[in-house]
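Each in structure tokens, the structures are laid out below.
First chain A sits with chain B, and in the next complex the same chain sits with chain C.
Moving on, here comes the complex of A and B:
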């Protein structure tokens, strides 16, 4: 009984902070999402407009486009990070010369603020001065201009995200791989299982919780990507990299469309929860039932 | 007689000294006026630009040493500055005592009563009125920060023209002149029409290619995801074709489309956009990723023979050897115009380019209005202007033009200050729209699609005009 009370006392500060800085603002955003509110309209006051904003969202091509490019971005970026992160994690499980140095260098992008990452990639990709267009032109005769080519801009944003966040995936998967017991692997080898069978039937199921947790984290991060993209492309060319985070920013801040911007935020939060739930259901729930 | 003459001369000298534009700052008065506000800290938020940095690095410490009032000036990005200032004023939190007011946002702020009426405030508090501060010292640019009653809501702190810069070393090179003459049949001089400008631009882009030089014929502020490109078109290109105020007719129910009395999708707008895109196509390859900053950098790096460049960059381009490769090689001229536009503008209709700038205003929610009023007057005095104008080429007070330091800088800038003084009236700030950012943001995505070629010029402008009208209806301005 006493330990329960102590638990609540210890948790209290966190819960209070979470309530004031997480729950209350969320309730306010939901409240605003049912209003028309632009402080620079003829009527600058909040006007309740029921579900009009939610109805508008369904037919808003700019929003739907931003969802489309965000989903593509999340798919390519997170999948690539997962595969690359796993390969690197397996590599770091083995000994090779210079491993410590390589592992340190490989982790460096993680400590950089997204806005810096965006600036660095902007410098590297700006035509005429950037190292990437220069070498692509000199070595392969490819002209790269992320200001005019939508595919080039999109690919660059995806590669930038992979460069920035793969180390996080690597580190979490190394932690998962290190914690695996050796017995099942030894038994499988004795039974004659090949590497592919060992990966699909032993390694992957055993590290699945870590994989799902990593995917959750990266998925949520990728869905709210703003800073890097803002610095690199500003959402362009056109709307090729106007991800939903950038779209919300432009709707809420420069356009001061607080009501509709809040509606988009609520919908995006809902979609994020749904996607995470689907992932959980498909990847972890069957395993829990088996156990 | 001799005595009378001496007395008369002394009186005249005293009068001149007292009323001189450069009279010494009366330290005793400032100390006495600031006495009740010792220990007060006033906070300002502004864009990280050369004039603002001068305030933070020079004027604020000077004022602090003189009065004992601490001044914290936060310099941040353009977007962040607006975001912070608007949130503060909207919520009346009173975090900031001063906020940078870009000329184009003043109408939005006034419509929401976000700002303190400085004229009235000083009239109500005569003890705070400095003898060396006078609203009549400002250039006519200050009129943008006044209401209908002529009351001032911001102390002007920067004012520039977006001018036509060209490379004098290239334009005056006899060999290049001869080659140009041979190819085009006319002399190589700064362009007066769009056709001439295009001819010069095409010549230099070809010249750069033929001679394996990193040189192109024109700059283009043509970012495909940043509003800088939208501004270049609406503020600097469209007016030279006779499309003013973004093509929106405020007197005609805010019509933007030709069908509703506007000009946003009219033939002049189409011509302007088509011409500008053709210039973008022969500009340096970084142009589709260039905002106002990168255009300055491009010109300063010697990569363009001519271009429309914001005046705030003209100073370092022309005079700062640590940043610019074209020091002493820069000429200034009026932008090229379509036939008839100059006559229209001289006749009082329209403008030929953008008069850019801003002021420092006092949010209605400021908790230190008295101390802030002192600081705003301090930075508005004639006495502090010359060094400021040299450090960051901006002129807000009429007397600044005649200062020897400014005259010297004027020569380095090939008469840029003379251009502001004598021809500044041909330029204009943003139209008096309280919905500035809202219409810009609503139409910008379509504008970017025109730049990327996803939409044709006419189709894109049609969509922009329709979107501008629907946004204005939504905001309640268009009935």
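Moving on, here comes the complex of A and C:
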């Protein structure tokens, strides 16, 4: 092992950049979270109000509702993405004509900006100009209006998320499946295991870390989503799609309640770190230490 | 296992591709409609395309400068994050530094921050703290490149870690024995071996930077404005010019498509997010 100094030198630029653009703003946000403040007012003055914001948050129905909606959103979207992504990844493990083209097509949504995705889905689903409500109405007689129906709006956001992010899950799972050693599968087939047994007892445990890592990335990104949902539904109707990211955005900009918005951010960031840390230490870290 | 007919695969994938492509197709349809037709009953099949929006966007000098800014910022940011991420991963992987696993986890927490409230502190820092005389970081390309590091650098580190860990230490040691300097080992032995992982990191960070909206909308005014913020300028109080917006969207897609197409085959090889150890 060479001098540790070289290690720190190599790490230094990363630490410096993250300190100046990540840690300093965070300290500022923590500071503001103990204040009542509207920076957009004519006379912006920070008023220290101790832990009032934190006390308020515990009983704030709007905040608790946004957490609930977010958890539901993450659950439905990430679960569907995992199942669909696994099926597609398995399908890509076989050879078939045109595989490269299909794989390229399948990864296309990944390169689209969230704000564009939000706009397109808005244009497709807005009643009277959108193509989807028109065909649902003509073919099945279903009226879909994401501007007034909470379930329709929620479902649209979930479907949009599935459309946008399943490719990432597929790619991660392909990477995991490609790197699996063939021996356990051959052995299991010799022992007469059926497909379901192979999946539950061999494939799934072996790709579990990749699954957790995917959940990890998606969870993190779902909690900070703003532009996509903001563009499509603006958080509505009511609070049906008001996920925490959107909720904070609304608290800070239209409502100009910066102090309280900071408090929510600190709490949300804390919860995210705790959940991700638990996932990390239980599922990812032990595996990477093994060798 | 018995061999399946390729027809099933092709039919299955054609259906999936249709679903995947439809919103992109619809974006194109919107972009070739004149504003008056937008609010008539939607038709599935495109008839009589109108190229006025494209002429308008192509002729807009402002948008061309936004495009250039986008290219410079995302390329600069992707290269910076990939290189620094690689150095960081090498340090974390090869040296026995105290608390390095905590540092590793800490980096990703920078990506978890809900962006809305971080806009103001970044704005204040860039206008008042990171300033020399009259010059400050706000609305500069280098400023945006550095700001985008907050979400892209942790991502780069987490994507590259398994790749760097996967290169056997014996290779470094052999090179040291042969008298190579540390710099030579890093740049000429380890770096080339990590190419698949580096390619993936480069492309994904590039795409994330290219597509970022909220930070760019707040931290740039004119000089460093990017294409995604150019989009939002067409959402006005008098109504949104959806046709123009869709046209710009198509324009933002093309460079991303080209970059993505170039490294398509590396993507799977390098994308393991610290999860899979070969």
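In this section, the second predicted complex is superposed on the first by the 268 of 291 C-alpha atoms of A that agree within 3 Å, B and C clash if a C-alpha of one lies under 4 Å from a C-alpha of the other, contacts with A are read in each partner's own complex, and residues count from 1 in each chain.
Basically, contacts are C-beta pairs under 8 Å (C-beta built on N, C-alpha and C of every residue); 3 or more make two chains touch, one makes a residue touch a chain.
No experiment lies behind these values; they were computed from the predicted model shown.
J.: Of the two partner chains, chain B (first) and chain C (second), which one does A:248 touch, if any: first, second, both, or neither?
T.: second
J.: Of the partners chain B and chain C, which touch A:239 in the superposed model: first, second, both, neither?
T.: A:239: touches chain B, not chain C.
J.: Is A:128 touching anything from chain B or chain C once the two structures are fitted on A? First, second, both or neither.
T.: In the superposition, A:128 contacts both chain B and chain C.
J.: After lining up the shared chain so the two structures overlap, which partner does A:49 touch, if you call chain B first and chain C second: first, second, both or neither?
T.: In the superposition, A:49 contacts neither chain B nor chain C.
J.: Examine A:80 and indicate which partner it touches, taking first as chain B and second as chain C; both and neither are also allowed.
T.: neither
J.: Have a look at where A:90 lands relative to chain B and chain C in the superposition and call it first, second, both or neither.
T.: Neither partner.
J.: Return the chain, chain B or chain C, that is in touch with more residues of chain A.
T.: C
J.: With both complexes superposed on chain A, which partner does A:39 reach: first (chain B), second (chain C), both or neither?
T.: Touch status of A:39: both partners.
J.: By the touch definition above, which chain A residues appear in both interfaces, chain B in one complex and chain C in the other?
T.: Touching chain B in the first complex and chain C in the second, residues 39, 128-129, 253 of chain A appear in both lists.
J.: Which residues, counting only chain A, touch chain C once they are in their complex?
T.: Answer in residue numbers: 1-2, 4, 6-8, 10-11, 13-15, 17-18, 20-22, 24-26, 28-29, 32, 39, 88, 91, 94, 96-98, 100, 102-117, 119-121, 123-124, 128-131, 134-135, 163, 171-172, 174-176, 178-179, 207, 209-210, 212-214, 216-217, 220, 223-224, 226-227, 244-245, 248-249, 252-253, 258, 261-262, 264-265, 268-269, 272-273, 276-277, 280, 284-285, 287-288, 290-291.
J.: Provide the residue numbers of chain A that touch chain B in the complex, in ascending order.
T.: Touching chain B from chain A are residues 38-44, 62, 122, 126-129, 145-148, 150, 233-242, 250-251, 253-257.
J.: Show me the residue ranges of chain C that touch chain A in the complex, using the header's touch definition.
T.: 4, 6, 9-10, 12-13, 16-17, 19-21, 23-24, 26-27, 30, 38-39, 41-42, 44, 84-85, 87-88, 90-92, 94-97, 101, 103, 105, 107-118, 120-122, 124-125, 130, 146-147, 149-150, 153-154, 157, 162, 165, 176, 182, 186, 207, 210-214, 228, 231-232, 242, 245-246, 249, 252-253, 256-257, 260-261, 264, 267-278
J.: Residues of chain B touching chain A in their complex?
T.: Interface residues on the chain B side: 79, 82-83, 86, 90, 108, 111-112, 214, 222-227, 284-290, 303, 434-435, 437-438, 440-442, 445, 448-449, 451-452, 454, 474-477.
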